[in-house]
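Labels run A, B, C and D following the written order; every chain starts at residue 1.
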Amino acid sequence: MTTHPTPTDPVPPPSTPPIPSAPAPSWQDEATGPTRSERLSALAQQHGALVTLVVAVFAAWLSFDTFLTTDNLSNMAVSSAFLAVVALGMTFVIVTGGIDLSVGSLFALGGVLAAWGSRYGTAVALLLPLAACALIGLVNGLLIARSRLAPFIVTLAAMLGARGILLAVTDEGSRTYLVDKDSFFAKLGQGEALGVGVPVWITLALFVAGAVTLRRSRFGQYVYAVGGNEDAAALMGAPVARTKIAVYTLSGLCAGLAGALNAAWLVSGVTILGSGMELEAISAVVIGGTLLTGGFGFISGSLVGVLLLKVIQNVINQIGSLDSAYQQVVSGGFLAVVVMAQTWLGRRRRVL
Amino acid sequence: MLSAKSVSKTFPGVRALDEVDFTARAGEVHALIGENGAGKSTLIKVLTGVYTPDAGELTYDGAPVRFTTPLDAQHAGISTIYQEVNLVPLMSVARNLFLGREPRGRLGLIDFARMHRDATEALRDLGVTVDVRRPLRELGVGAQQMVALARAASVDARVVVMDEPTSSLEPREVQTLFGVIRTLRERGIAVIYVSHRLDELYEICDRVTVLRDGKVVHTGALADLDRLRLVALMLGREIETVQKEGLTSFTGTHDTETEPVLTATNLTVRHHLHDVSITIRPGEVVGLGGLLGSGRSETAKAIAGALPADSGSVTVAGERVRTGSTPAAIRAGISLLPEDRKAEGIVPGLSVRENIALAALPRLSRFGLVDEKRIDDLVDTFIRRLRIKASSPHQKVGELSGGNQQKVLLARWLAMHPKVLLLDEPTRGIDIGAKAEVQALIDELAEQGLGVLLISSDTEELIEGSDRVVVLKDGGTVAELTGPEVTEQNLLRAIATTELA
Amino acid sequence: EDDASDDKSAAGGEAGQAVSEQGGKTCAIGAYGGKKLDLKDATVGFAQSEKEANPFRIAETASLKAEADKRGVKLLTANAQSQFSKQISDVQDLIAKGADLLVIAPLNSDGWEPVLRAAGAKHIPIVTVDRKINATACKDYVSFIGSDFVEQGKRAADQMIRTTGGKGKIAILLGAAGNNVTTERTKGFEDRVKEKAPGLKVVFKQTGEFAREKGQQVTEQLIQSKPDITGIYAENDEMGLGAVNALKGAGKKAGDVKIVTIDGTKGAVRGIVDGWIDGVIESNPRFGPLAFQTLDDFTRGKKVGQDIVIKDSAYTKDNAKSDLNKAY
Amino acid sequence: MTTDLATPRTKATDQDRLRRQLQDYGVYYGVAVLLLVNILFTPHFLSTENFRTQAVQVAPVLIVALGMALAIGSEGVDLSVGSVMALSTSLISLYLGYGIWIALAAAVLGGAAVGVANGALVAFIGVQPIVATLALMVAGRGIALVLLPQLKDVHDPSMASLGSGDLLGIPYLVLIAAALTLLVAFVVRRTTFGRQLLAIGDSRPAARLAGLPVRRVLILVYVASGTLAAVAGVLATARLTASDPTSLGTLMELSAITAVVVGGTPLSGGRVRIGGTVAGAVLIQLLTATLIKHDLPPSWTQIAQAVVIVLAVYAARERGKR
């Protein structure tokens, strides 16, 4: 992940010579630039999740000698991969100022369809869930962009609808389709390269592609523009509706792909997956520094957010005796602390 | 080049355009003028694909066209600066400038180095030097306007449309803009230009179309039309009545008391203000002069508690006011008419009635229950007194024209019976008729003993309206002009000399 | 290895589990792989599936903890809070944390491949309790200890046939959708009814999601639209108690509608005493003693059964009062 | 009102009016259609008993939705309501030993306290409502389970009569829900708080500069939402005659948001429709009842709900600018 974290700039400044004589307008900021502490807090806001992650990892390493083992790390990596892919799509949606609650259901549906399709070969196992989930994402996008319905409610309906389709496909949830353990499709979930699971590699590749797309493609600029000021974006000629349709389709696609990979990993189309996953993905994206109001955010942050959630869960398990009720109190409290810290750090920069 | 035939556009309850014919020719600067709400912005939006007309047709280059999105129009070579600064605040200056036509390198990825170079250059041509990688929101309104201008000018356009581009520009930037417009004209580009400032029109425009109540009342060469006739056409009144009204509606100086009603001492806000002190006496209009970004708006906001001050104090009638709290300032009798009417002034989804009553609600309620009767009375009075044009008091404020929105805001504050009124660009984007009304109102209020702080980029307005002018530069006070010293020359000199320092 | 010791090892007064059949097939450490060890020095990981709020889960976790304490074994626990993905990583975390042996209460039967591979690579013995894992015993895991859910459904059907006389209209309150407990308890019940009492018709099947409130709401709708319902089969006690609430609220009297449920919680058994519930098929959650005994035997090198199906008792009018203290 | 307003240049067309009508009253038509369908096709539908059942079942959802409508009107949302119900049910069981009134007070105060926490995060720290309340949604249920780790029967007779008793044939639950609905509608329409809430929801910066007590209003909004959710939790407990902190109120936030939005309150704030919210809650209730009564499988139920939600918000949508 070599992307730069602010939407203001990914490339070192071009060495523009200072303009000598021209009457420099007074908004030049030599004198009034941000102070040191402000710059620090700006950095902390952008990299807050990363800093927290490093601190958490460090603390866990000191406290538990079983934390920083290859086993534990590779487990965490593989099991984060699926949520990460979902969060990737969610990041695009949130940067446009939207939200996608359907991802959990689509994740489950994707898995079931992949497992069902795997008997017809890897191509079907992959394409079927991708097509179905992208289609539902597309419908979300159309309703949101063309009919101007609120994303929250549209994707909430899609969450119910996709779950309904899943139940219909699985005989009301009573059938679990299995994937042949020796198929190529199963390898996508099970295999390893250089000691790291294939899903992890796929996820990393997707994140690099996603980051490049968001930061360096024209489409990415539209995504930021739509989230930053939709009316202005439209007046500047940005294809607002198409951008929105694209991000919801992308989000559906990511959720379906994550579900398919997960099915390959579990070698079965488990029907009870994905409930609450939308909230996890949203939390990860927000913890990663993306503004839920849109217009600001970055892909790498979402990855950090996912890892942070994972590490917390792992630490709770490392303690090994924490009551399930306390686990929730700890998770909720932690989420609150992270967003408070972030908001507080970010507030000093918000001019309004 | 670009023309409209019998174009009509209706909004719920309003016929914004009524069979409008309009033609912009290559190589001419075409003024589009009219009162607030006459339909200028609507016409522009119809011409540029934002709205589809209900009836009539557009032709471009002699062939009928139909733009369904702004993008269509842009592709066809029409580039537009819309009335409100319409950019994306969280994105960098360069990204705003090039949105949708970023220079691309290998793999179709954006070539940022080139984009930044080009952006820096494009802005430098307009006399603006900024770090183009910074978020746009860190720039002032004027600088943002220049970015929008650079955006429009840097496209290979054949028609350039500008809807009130100068409303937040300083005289110097206006001249830069005119330079750009002249180059465009020489290149054979059609420019459509909307402004309420008549001087500008005469300086730069060739032809004019006057809109009134959605209808075209005149089209022709601007040189054939003198100012008075132009105004008369706009307002639909006789020349004689217009003649009497003069340039601004200020009457001159006011009788002021000696004890200041407001004293702001050493206000300091990091990055914005340092040690700004201002006193306002009852019945006095104090002008605040300075260039863009000199901190005028910040001063007003700091006084009104909308910008937390790091140090300094504000007293009203001898009583110290807690800084950094809008409610405290309002309770003390300070009212602020903010500069950014759209974002910080109106509550667009609420009705005219609710907007007017908003700040005064606690006073218009008993035991937390709203007294509808008293609100109706109040709203009635103000709609009549300020001649607010709305289809009913229940119309959403967001649907009103800019000038009427401004009047609603004025009504909101007058309903508070303030001791001090801080007016930040009160006549920006307001047509002559309304402007005169607002100016007369300011006068009247001062006469009634109100202390007024007037911020205006319109030098004429500032000079004629103020009894005293405080000049700011880079967030600090640099001069104060009193009584006969208040002249345009002195003001410009104050700004200029300090700039050398 | 018959567990005669079981009754003694169960916490005072409560009914411990008894093995009903051992299915013949056994498993020993040689066949599975891995090395012998002394349970006392071992770390056992327990992966619970649902929050400990339902009496069944409370009793299950408590039983394992109590037994670990009693034996002085170090126990690590994790709770998946009903999220399957979390349970998979929970078990992996337990392995990484150094668990030598695993007891898993699976949320779902399928989807265990990653865990089984990880455990298999280290030859960590796995015992699953309560629900089964769809995999090969003695290869992917050592043994399964638990009830036969299809059988529970059948026994519930028998009870329903008995109390209704084999005639009338029956409603089923299903467990959570997509869950194999639900699927099997439904299958067992419906198969048995079809086979034994063709006069008994299942006319209504709606999910109550294993929760009392949902059971109550669904039953309230049911008695409006099908006032002539004869009996309700609730796939767990909680939904059954919800159904009782609904019937009470509609002004029915105890016994008007026959109710048969599964689990054996105190509340449901008291319902029998009060006359509102007609039968409760037990699903015994006290897996601690049996699970640890199995692990102990296995790690010592003894053979253990692959399929240790426990003997669930049942509560009816005849024994409800006297056995109330056995309920959990 | 007679003022010299400029006369509008045209009247609204009939089409406009029809469209507005559908937009404003679509949800009521939806309720009417569902009623009709049920009367025609559902056996035993037309009975007082049945209507009583539907009313009793919808009461807690409606009460939560009232608070949600306020939160949404302020351009926020409250995801913690389901957990607040759980918290309130735990508190009841915990304090029932000290008497019914103390238990009720504890439950309601618990909800208000969560509201204060939500409100503080939103108003003082500036955390976005959806995240702030998400944090309390997770933590709140955790706290509920820490307080009462397991389901517990509630044997108190006054709780039982609250849950199943009635006054002149109308169940207490329904009376309470109706009273709260009127109260909230009154607050929205007639009080300064209501007006300020809408202004804040429509344009926060403008409201702030107009000197409105933005923070106080926001805190009150979330306190109201928390309190109402707690009341709903009390009623649900009374009806269930048990405290079940694990499952009580799960997914309630989504049901409540659905009721509010289907009822025509835009998620973008600045507007609150209480009548619509009631209709929205009733619509969802009737739909669920219909599907259950006709014994449709879960797959159908979920798909049907999705379709109805989309249709309802589609009918009520704000038309684009074109």
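Methods note: contacts are C-beta pairs under 8 Å (C-beta built on N, C-alpha and C of every residue); 3 or more make two chains touch, one makes a residue touch a chain.
In UniProt terms, the chains line up like this: A, D = Ribose ABC transport system, permease protein RbsC; B = Ribose ABC transport system, ATP-binding protein RbsA.
Bear in mind the structure is a predicted one, so any value in this text is a computation, not a measurement.
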Between C-D and A-C, the pair with more C-beta contacts: A-C
Farthest chain (mean CA position) relative to subunit A: B
Distance between the centres, which are taken as Cα means, of subunit D and subunit C, whole angstrom: 37
Centroid spacing, where centroids are CA-atom means, of subunit B and subunit C in whole angstrom: 72
Rounded Å distance, subunit B centre to subunit D centre (Cα mean): 42
Subunit B, residues touching no fewer than two other chains: 50
Sequence positions of subunit C contacting 2 or more other chains: 51-52, 177
Multi-partner residues of subunit D (each touching 2 or more other chains): 145, 149, 205, 297-298
All chain pairs that touch each other: A-B, A-C, A-D, B-D, C-D
Footprint of subunit B on subunit A - complex, ascending: 7-11, 13-14, 16, 19, 22-29, 31-32, 34-35, 212, 216-218, 221-222, 224-225, 228-229, 231-239, 295-296, 351
Residues of subunit B touching subunit A in the complex: 50, 69-71, 73-74, 80, 82, 86-92, 95-96, 99-100, 102, 104, 108-110, 112-113, 116-117, 120, 124, 127-131, 133-135, 137-140, 143, 151, 172, 270-272, 291-294, 473-475, 499
Contact footprint of subunit D on subunit A as seen in their complex: 99, 143, 147-150, 152-154, 156-161, 163-168, 172-173, 279, 282-283, 286, 291-293, 323-333, 335-336, 339-340, 343-344, 347, 352
Residues of subunit C that touch subunit D when the two form their complex: 51-55, 58, 177, 203-207, 209, 211-214, 216-218, 220-222, 224-225, 227, 238, 241-242, 245, 248-250, 267
Subunit B-touching residues of subunit D, taken from the complex the two chains share: 1, 3-12, 16, 190-196, 198-199, 202-203, 205-213, 270-271, 321-322
